[in-house]
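Here it is: the structure, laid out below.
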Amino acid sequence: MRGYTEDKDAYLKRLRRIEGQIRGLQRMVENDEYCIDVLTQIAAATKALQAVSLGLMDEHLRHCVAEAIAEGGETADAKVKEASDAIARLVRS
Amino acid sequence: MRGYTEDKDAYLKRLRRIEGQIRGLQRMVENDEYCIDVLTQIAAATKALQAVSLGLMDEHLRHCVAEAIAEGGETADAKVKEASDAIARLVRS
Amino acid sequence: MRGYTEDKDAYLKRLRRIEGQIRGLQRMVENDEYCIDVLTQIAAATKALQAVSLGLMDEHLRHCVAEAIAEGGETADAKVKEASDAIARLVRS
Amino acid sequence: MRGYTEDKDAYLKRLRRIEGQIRGLQRMVENDEYCIDVLTQIAAATKALQAVSLGLMDEHLRHCVAEAIAEGGETADAKVKEASDAIARLVRS
């Protein structure tokens, strides 16, 4: 079980929609559509991916990190560090 | 013809790879893989999308914006403004 | 006492350095230095601010969020939501 | 003369305001203000810096890049590459 398991269907639905957006981008490039329009769609797909990340991060804090903190000690420290590193990757991507 | 048309195959290949990454994310969620590992893969897909955007923007400046600037006047102004707005969306996505 | 209080001097030192970077930017603009060089320095100041944010977020998780989680119930829920919203602002800034 | 020279006073005013925001952050940390409030102010300062960057980039395209494109040849190529690299740094900061 993961923090996101309860919302798995919602996440799968969002990821399938993003997959569709990426295929849509392929069609736009295939059809030589205007660069700016392609860029606008890429920004939309990036935002959708970002929203999935933020949702997963929230659930991770709520479940995995919370459980580790309840356990305390090194387990908690390691889990918070791991979460902070993931937040840094998210901010820098 | 678009600025990117000459490199169309390369862009299509990259977008198909990103599509594969998104399907890979669906499998990870399907299999309840660890949140942090899913987040790491999302950051990788986001970076790949970002790189496609930066490539397209470079080609757009080189071709579409350059042609409009050569034309001068309002055509040039409008094209630069359009590019600047796209850069802002890219920075904020 | 805050999560960052123990490292207050380090954070103040980093913020003073960023203040110096911003004054340096003013001098560059005052002296009509080349746009790209100004942009490069702005990117450096932005990265420095980002690093301060990530440090504060880590300490916040380690102390404030951990304490609230230990308390459990609504206190924990509210504190995690608040942290997630702050992570979203950080990602979108 | 630079692309931004005509708007120099406006840029200097904005940079001085950002400098004030950074000093404000120092006071907040000095006074042990709540982490989330400090993070919120950092996000605001980051956005302000980002807006200055986008303004400078627009002016750079309008003047420096446009002049180089009018000149054509290697000068234009080098100037567009330089602008694209600066856009990449902006996106990744």
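So that you can tell them apart, the chains are marked A, B, C and D in the order they are listed, and the count of residues begins at 1 in each.
Throughout what follows, contacts are C-beta pairs under 8 Å (C-beta built on N, C-alpha and C of every residue); 3 or more make two chains touch, one makes a residue touch a chain.
Just so we're clear, the structure is a prediction, and the values are computed from it rather than from any experiment.
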{"item": "Centre-of-Cα separation between subunit D and subunit A, whole angstrom", "value": "28"}
{"item": "Intercentroid distance (Cα basis), subunit B paired with subunit A, Å", "value": "18"}
{"item": "In subunit A, residues with contacts to at least two other chains", "value": "50, 53, 57, 83, 90, 92"}
{"item": "Chain contact graph, described as a line, ring, star, complete graph or other shape", "value": "ring"}
{"item": "Pairwise chain contacts under the document criterion", "value": "A-B, A-C, B-D, C-D"}
{"item": "Subunit B to subunit A touching residues, read off their complex", "value": "1-5, 8, 11-12, 15-16, 18-19, 22-23, 25-26, 29-30, 32-36, 38-40, 42-47, 49-50, 52-53, 56-57, 59-60, 64, 82-83, 86, 89-90, 93"}
{"item": "Touching residues (chain side subunit A, partner subunit C) in the complex", "value": "50, 53-54, 57-58, 61-62, 65-66, 69-70, 76-77, 80-81, 83-84, 87-88, 90-92"}
